[in-house]
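All remarks here apply to the structure that follows.
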Amino acid sequence: MEFASDNTAGADEAILAALAEANDGRVKSYGYDPWTKRAEEALGRVFEREVSAFLVLTGTAANALALSSIVPSYGAVMCHDEAHLHTDECGAPELFSGGAKLMPLAGMGGKISAARVARTLDNLARGEHESKPAAVSITQLTELGTAYSLAEIGALGDVCKARNLKLHMDGSRFANALVHMGCTAADMTWRAGVDVMSFGATKNGALALEAVIFFDPSLAEDFRYRRKRAGQLLSKSRYLGAQMLAYLKDGLWLRNGERSNAMARLLAEKLAEINGVRLPLATQGNQVFAIMPKRLHDAMLKGGAHYYAWPARASSVEGIGEEECLARFVTSYRTTKEEVAALTRLGLRLAGN
Amino acid sequence: MEFASDNTAGADEAILAALAEANDGRVKSYGYDPWTKRAEEALGRVFEREVSAFLVLTGTAANALALSSIVPSYGAVMCHDEAHLHTDECGAPELFSGGAKLMPLAGMGGKISAARVARTLDNLARGEHESKPAAVSITQLTELGTAYSLAEIGALGDVCKARNLKLHMDGSRFANALVHMGCTAADMTWRAGVDVMSFGATKNGALALEAVIFFDPSLAEDFRYRRKRAGQLLSKSRYLGAQMLAYLKDGLWLRNGERSNAMARLLAEKLAEINGVRLPLATQGNQVFAIMPKRLHDAMLKGGAHYYAWPARASSVEGIGEEECLARFVTSYRTTKEEVAALTRLGLRLAGN
Amino acid sequence: MEFASDNTAGADEAILAALAEANDGRVKSYGYDPWTKRAEEALGRVFEREVSAFLVLTGTAANALALSSIVPSYGAVMCHDEAHLHTDECGAPELFSGGAKLMPLAGMGGKISAARVARTLDNLARGEHESKPAAVSITQLTELGTAYSLAEIGALGDVCKARNLKLHMDGSRFANALVHMGCTAADMTWRAGVDVMSFGATKNGALALEAVIFFDPSLAEDFRYRRKRAGQLLSKSRYLGAQMLAYLKDGLWLRNGERSNAMARLLAEKLAEINGVRLPLATQGNQVFAIMPKRLHDAMLKGGAHYYAWPARASSVEGIGEEECLARFVTSYRTTKEEVAALTRLGLRLAGN
Amino acid sequence: MEFASDNTAGADEAILAALAEANDGRVKSYGYDPWTKRAEEALGRVFEREVSAFLVLTGTAANALALSSIVPSYGAVMCHDEAHLHTDECGAPELFSGGAKLMPLAGMGGKISAARVARTLDNLARGEHESKPAAVSITQLTELGTAYSLAEIGALGDVCKARNLKLHMDGSRFANALVHMGCTAADMTWRAGVDVMSFGATKNGALALEAVIFFDPSLAEDFRYRRKRAGQLLSKSRYLGAQMLAYLKDGLWLRNGERSNAMARLLAEKLAEINGVRLPLATQGNQVFAIMPKRLHDAMLKGGAHYYAWPARASSVEGIGEEECLARFVTSYRTTKEEVAALTRLGLRLAGN
């Protein structure tokens, strides 16, 4: 009954096999091997345009490096107050940007709105006494399991363009959002105004693989320096390239995304049947959030369920009672129907359904 | 005829197999999986003491993070003027330390001496107008293929202790140095005064694996924060733990080190027979440096040999003539006798032996 | 009718005269002149103990440097969400600390409570995924013109001690708070648990002078390096020492503080008589906050009054109506009764009293 | 007999008087007062063009902030290995640039040559593995008391332009160099290819005043943020503006520069007459360097002379014997003929002339 994270599953067999296939022979190191080259090209095909793509090792590095390319050290990045890069990356964006400031904004369901961004900018009127707003970062799929609509992303893109800010997308669960939306990767990113993104693969089947993708190549000019200096340029880079090729091959990434989404939908349906449990947010990817009695929560953990209560700092969910908590359940591409059934059976029993 | 780097070879089959073995099941992420735990313990056994060991993804990150733990932002690190962390890491130590200064020292054969360090410290007498000396970093095996003797390391350790500096060792080719020295890992590090080291595995058979090892646990207190913030905490950390366990198992790392060293010794012997070629440095690991006529060098590259001329900034080698260059040949654990033979045959022929 | 800031007034004549007196002769530079030495000692007498005091040039530098001494680059500082160092220093704390994070807390009247700090710490439970809480910073006098009581400071000091955090006080209006409190400088700082403070003089009569004062000398060990590296070590340091000596001499600083406080009390009394104006906060220093109709506010600015509306981001004041705004009036040691009378006359007339 | 530094003298009476004159009335703070405005315009007249000028408080801040505007965090700055910003600013350029690297070059007489810069760039051929060269910084007057000729500056400007680097001039003794050269300020800077400079006034008669001057306004776009964030934006900025206006008024700065230069020339002439003393460098400003017997040096210090031996790290002077040292004598605008006479009398007596 493992629903704590999509990081607790191992790697997809196809990706593991790709490492073995790439293992033979001597090839150039530090990003100049043939696998990496082909992976960069494959990402271009995913986004239906030439992109500047850079493979890195972790999502924290991808986010922090991407932001460092679009925000000066005296700049500020607007993001949701529950954004992973604000709450879970131990100040990595501050490190890689040379001390830029994150400016957290409230917003229901893990989303910030174009209107909120515009209003915040209007209230910053004291020039150099405040950090200079330089970028907006959104997470798609959001940390609250919801997906920004194309219209929402487009509105943020428009505000950014109008105010001379850059728009970053943290796509650590990009595949989950994309299959939910049913649109193209291009529509969900650069066509809506996204300038640079973190393209995640680790949570969805890779061992250790993320990509920073620039849709405006001029922003990527010196990114090779940034990646190297951050300790994110792998000497035996073939292993990153090979992972990415396998991840994208024949739509493996989309199939894996759909698999975990399907399990989340099933889980959401079942959780809603448990006495005292209600779902405050739409399940639009592979995360399910449930408001439940604290007593039930404690009992479920004791009963062997593995998942986390979501921190109280949330601006995303209202109406959680004193005796209640917000629980987060994450499915992965390896989650089975049996696991979902076992969890919900436990819940139903403990809640006295 | 690949002698450009030990990074151009793939991974050891045993290490690749370990990834597959670790792939099943759900385990805790972010460093709390069983493989990582066991790998940390295994490193303690290698060094015959309790250590604080942290697995990271690249050598640049290992060095920069290790230094950031022992050098304040206003501090200085003394190192050889050809030290990898000074010349090849694009300012990573400066980034992770918050702007500390590297203070390069000259020294024959890639080594800095305790006497040189002491003299440099004596000449720094203007207090806060200069960066505060806080650490010395040495590379073992050095960038010039030589190995510090235990007495040399011990003398540096003594100076550091006496002057209140910390001693760091960049061990990206630690195994090669160790098998050459024929001593224990403990003797070559903490018993000689090393406080923290970068323990390299990638060049010697892993896919992507280094460890930062603190022999004084008090220095490691907050290292978890540093690693996370640097984007070096792998979510699916089992794959780092599994690599390390396989690397250390039954002495694989030492066998691989000895294999590449043996090929380097063979290569050195053969290169010395080529007309116009001389070896200015002892071959004490898996790198061979040769002074050779530029014409021969050019001809060899054209003839299909793959290796690099070493930059002219070197303070390590004297007596290179106007028409000569310094060439570096690196062997790996996968280098074969046939490759060595092919290279030297080419050289002999071109030099008109 | 200048009530925009206490920075718009010039310097006290006595302090200006001190510059001239210090002008003769050759003396050591960079902090080793006799004036600086004596100023550091004089600050010790103010606080009734040996202190480590460092003169610097601006309040932003004082705050940022003080914090950089007690917060690691991966650390976090809790402060009020309207704290000057969070909202008005353009990321200086982030710069000097190497990227630490400010963690703004809400609190009425510009104050954060010990309970709020404790609760926030309790909610941070994810170890290295979050920035490490390392310090609390409070402003005395607060940005909202209120003063922390000794009990409130003491409670914060206790939480900090219990949780292994340091307590910083931004005292850019320290004199105003101190004369309001009627206690000793020692009581308001180290006896209540403050570890380091920014001691402001510029707003209260100096030209350019602040001091960073450590009550725990072990925290100050390397501060000389930090000050120099920040460009805050004045070569002709005598001019800082001379300013401070004159500032402290015969209680000039306390007299100036009382003078501006008295004008603020008078202003508060008069403003409260204006139709539609109410004072949501106690006037405990040299700042008066008034809720007033936007129409009146606009009319007063047009009428020649010079002061600012306080930004809407405030968590400090509740109950501001749609058609109202929060106005801040600051008095300085040079503010006269006539100026107060002129301003309030204008207000009364425009409000139709 | 004070020849240790030009920082040991006080301020020019005219500049002190200007502070008093600026003291009355309430004016806008943070750089928007009339004195600052007029000072910025006056600097434009000095350089015969529109400039973007920013007043700051110390030379270290001026240099570090100027460089931070033209060098990315992953960049490198080439400078002389005795450049003040490399050896005497405790890593301030590294701090303000976010960790950029200084790349010290050797050069006789405190100067680096265009040829040396070009050669160094040619040798940097490994892309992102090395910090990206982004700027060259020269000091005029150099730390060794020599002045770059217009041809030398122009050649450096040409190399910078051709290689896409920016050229910075540290002008902490700009006036001394300028009066020696007898050219215009425009000729010595932007007409020769200088992009940004630190314009020093403190050493030459101000209390605490430097300016960062951009000749290419596009480089200055966000400099206000950088200055504020560095704690270098003075709230009562009128005192910086007033100093600068007085400094420039009626050529005070040039007269002061010439006065100290004249004393240096006199001193050089006299020192050369002392037995065993020789001057290895041309005296082209207000610093005199003398090679002298260590015994004489020690005796002179004991005899009451105050000046410093210059550190041995120098690449600027050759041929210093084992029993000799290099001594630096600095004159200021307040140095008198009597002081020069007293010093040389002492030297002559002790040397047994």
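The chains carry the letters A, B, C and D, assigned in the order they are written, with residues numbered from 1 in each.
Everything that follows uses one rule, which is that a contact is a pair of C-beta atoms (placed from the backbone, for glycine too) under 8 Å apart; a residue touches a chain by one contact, two chains touch by 3 or more.
Just so we're clear, the structure is a prediction, and the values are computed from it rather than from any experiment.
Colleague: Between B-C and B-D, which chain pair is linked by more C-beta pairs in contact?
Modeller: Looking at contacts between chains, B-D has the larger number.
Colleague: What is the chain whose Cα centre is as far as it gets from that of subunit C?
Modeller: For subunit C, the chain whose C-alpha mean is farthest off is B.
Colleague: Centroid of subunit C to centroid of subunit D, CA atoms only: how many Å?
Modeller: So the centroids are 35 Å from each other.
Colleague: Whole-Å distance, subunit B centre to subunit C centre, using C-alpha means?
Modeller: That gives a centre separation of 50 Å.
Colleague: Taking each chain's centre as its mean C-alpha position, how far apart are subunit B and subunit D in Å?
Modeller: Spacing between the chain centres: roughly 41 Å.
Colleague: Send over the residues of subunit D in touch with two or more other chains.
Modeller: Touching at least two other chains: 30, 73-74, 89-91, 95, 98-99, 128-129, 131-132, 225, 228-229, 233.
Colleague: Applying the document's contact rule, which stretches of subunit B touch subunit C when the two form their complex?
Modeller: Per the stated touch rule, the residues are 30, 72-74, 98-99, 127-129, 131-132, 222, 224-229, 233.
Colleague: Which part of subunit A faces subunit B closely enough to touch in the complex?
Modeller: 2, 5, 7-11, 13, 16, 19-20, 22-30, 56-62, 64-65, 89-92, 95-96, 202-203, 207-208, 225, 228-236, 238-239, 334
Colleague: If you look only at subunit C, which of its residues touch subunit A in the complex?
Modeller: Going by the criterion above, the answer is residues 73-74, 76, 87-91, 94-95, 97-102, 123, 126, 128-132, 311-313.
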